[in-house]
């Protein structure tokens, strides 16, 4: 067990070191977007791959975090750390409430209700609260962010390092959740066979609720980071047309795998940057990508790679690859 | 063509749910007009076996020859159309459909619109024609399921646990029914009710943990139900 | 609020209900029989609208456009079913959701490529107003309401009185048993899918005179359609009818009271109904898949 833990830990360290070094090769803004997007996707990927909840409404949770941060910086204070905390807290509170409602639904209703939730959020931020959110024009507060000691969040450089550290923390957390905790195991049971878990005496409601809260609060955290990075938030952040993106990235990278969101985000943003120079119809590519990934066996890049690697390793008589194999099975829970 | 009059011949049938194998190298054969029973404990794999034969489950290997033709890998509706019908264990007819609609559906599938034979075996269905499936009793559902299956003159009927949950008097009727039905087709029943099996079957296969462990032909043994030692 | 406002809001609500119903009844049927959630229906809705626009622009004939819309989408749907759905009918409903959203998205991209971004207007084929209790109501809205009612009756007739409809109802109950009777269930699936598709295209076509034809029109209506199917209960035709009537009125009167309410009120109603009945009004609790 210890060895496995170390193994994954070192993987996280190596991958993030590479990511950090990549900023000397690739534009920093690109890397920053990859990192925030992958934090954003992590929650979604965890819910799809490990709990069996597919949500078409993730931008809603993102927006809540983003607006929490934005409201604080625009109306109340100037300290970016407090602002992020406000974003996370707002996300946490709303996720606790919405979670208690959403997780009672079966999987198809969950997906559709989330999309509806996202649309409603869009209308709230765009129209109903237009007095406070300025709708599509958005809130601008970049100049209001105070310089901070140690990591200066008023500069992009600082935001980059901060986001980077947050990402490492998030990955450590999910590594623990997915691979080393009873909670992670019970989540998987929710996905595979909820009934059995109930018979074993677990409180399935609480497990789902906790999973929902953790995953979507991480999403809100990503929203807070976006907000800080751009110094600007508009209703567009929760535009329903973007709702499929985290799902697409999760599937691309491999839902429920530890590094799927990173790989997925990297390729996604890369593709986006390249494609935007060639064609202006981005939906076409995302749609096509989604279809190909799903028809190719829904394991995603990391899922397939892990399967391949573990086979390779097993051939050499080493069992260590076993834990890397993603859990086989279908995307959603029944 | 099959030698003598074997209508169904299953060889080396294997099947699995995902990773777990449930039936292993099953061999069985049935002649026309024969009544065969398969017995075994709960979870022995009887249902799985029948569903594989009917094409409702994909077997991992083996061969199923029906009426001289290989039917393994054929879609279930094709198998049913050819005259090999599977009758489910759960006694669920289409709840939203009336008895008439149930029969119409089967007629549509098989092109056999002559319901006289159905009413001959189950006169009661004639009175119930306009009742919805949801309001039928267990026995009536069983009648309907068998009734709609015999449209299209099937040559083989696979009937999964026909007596489960039925009153003894109805079970008695079923014995007669099966004797009558076997004049036109071969019948394979799966049963837990040994006295029923003894009265219906001419030959019995015993299954244990997915393997065929015995074939009982001896009349005396069938009558005395001594094959229960295989369970 | 005076009587004129109320009557015209009511009629507007009914006509919206008509569009919602046409769009969602297919979604519901597909879920009932195939246990798929076919989000590409929203693409067919847009294609129906765009084809109508194009044919109207060329020939000036709305009805021809409507027909062309339906035929085009049927061709597209045949292709999509063959490429996508045939491979995933056996899998969990999540597959169909994600995949069909992919199809939808790709289609939106293609629409942008073909027709561009600018909104296209379509003139109503039926002009003039009808006088209802002293209130002038656009005749076209009445037409939409009647058409939707007609479609409802036709769908009911098809499901209850024809053998294929009977087979579909049986399949909604238990598809495997329909197959065991000797009916090719995949043919039924295709038939149902095409039925859903043509209704979505019809919805798109008749909606054109009431909204602008834009590439995102499918995306714009998606949330309302979801709310309709969820309130009614996935897989139930009756539920779909009732909830589209409900949502239509709520949207129409909501916008009368306070504009943002048009978008938010249906959501609140959905939440309340789900709190009481997590499967929607007429959704069966057995349809857990």
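Chains: A, B and C, in written order; residue numbering restarts at 1 for each.
Keep in mind that, in the parts below, a residue touches a chain if its C-beta (ideal position, glycine included) is under 8 Å from a C-beta of that chain, and two chains touch if they have at least 3 such contacts.
All figures in this text were calculated on a predicted structure; none of them were measured in a lab.
Undergrad: Go through the assembly and pull out the chains touching chain B as well as chain C.
TA: Per touch definition, common to chain B and chain C: zero chains.
Undergrad: Mean of the CA atoms for each chain, then the mean for all of them together: which chain is nearest?
TA: Given all protein C-alpha atoms shown, the central chain works out to be C.
Undergrad: Taking each chain's centre as the mean of its C-alpha atoms, which one ends up farthest from the centre of chain B?
TA: If we average the C-alpha coordinates per chain, A ends up farthest from chain B.
Undergrad: How many Å are there between the centre of chain B and the centre of chain C, using C-alpha atoms for each centre?
TA: Each chain reduced to its C-alpha mean, chain B and chain C end up 42 Å apart.
Undergrad: If you average the Cα atoms of chain A and of chain C to get two centres, how far apart are those centres in Å?
TA: Their C-alpha centroids are separated by 32 Å.
Undergrad: Need the CA-centroid distance for the pair chain A / chain B, whole Å please.
TA: 52
Undergrad: Would you tell me which residues of chain B are touching chain C in their complex?
TA: Checking each residue of chain B against chain C gives 54, 56, 75-77, 80-81, 85-88, 92, 94-97, 101-102, 104-106, 108-110, 148-149, 152.
Undergrad: Quick one: which bits of chain C touch chain B in the complex? Just the residue numbers, please.
TA: The contact residues of chain C facing chain B are 163, 166-167, 169-170, 172-174, 176-186.
Undergrad: Spell out the part of chain A that touches chain C in their complex, as residue ranges.
TA: The touching residues are 52, 54, 56, 101, 104-109, 111-113, 115-120, 123-124, 127-128, 240-241, 244, 247-248, 251, 279-291, 294-295, 298, 330-334.
Undergrad: Using the touch definition up top, name the residues of chain C that touch chain A in the complex.
TA: Touch residues, chain C against chain A: 31, 37, 84, 87-88, 91-95, 97-99, 101-110, 112-113, 216, 219, 222-223, 226-227, 229-230, 234, 259-260, 263-264, 267, 270-271, 274-275, 278-280, 288-289.
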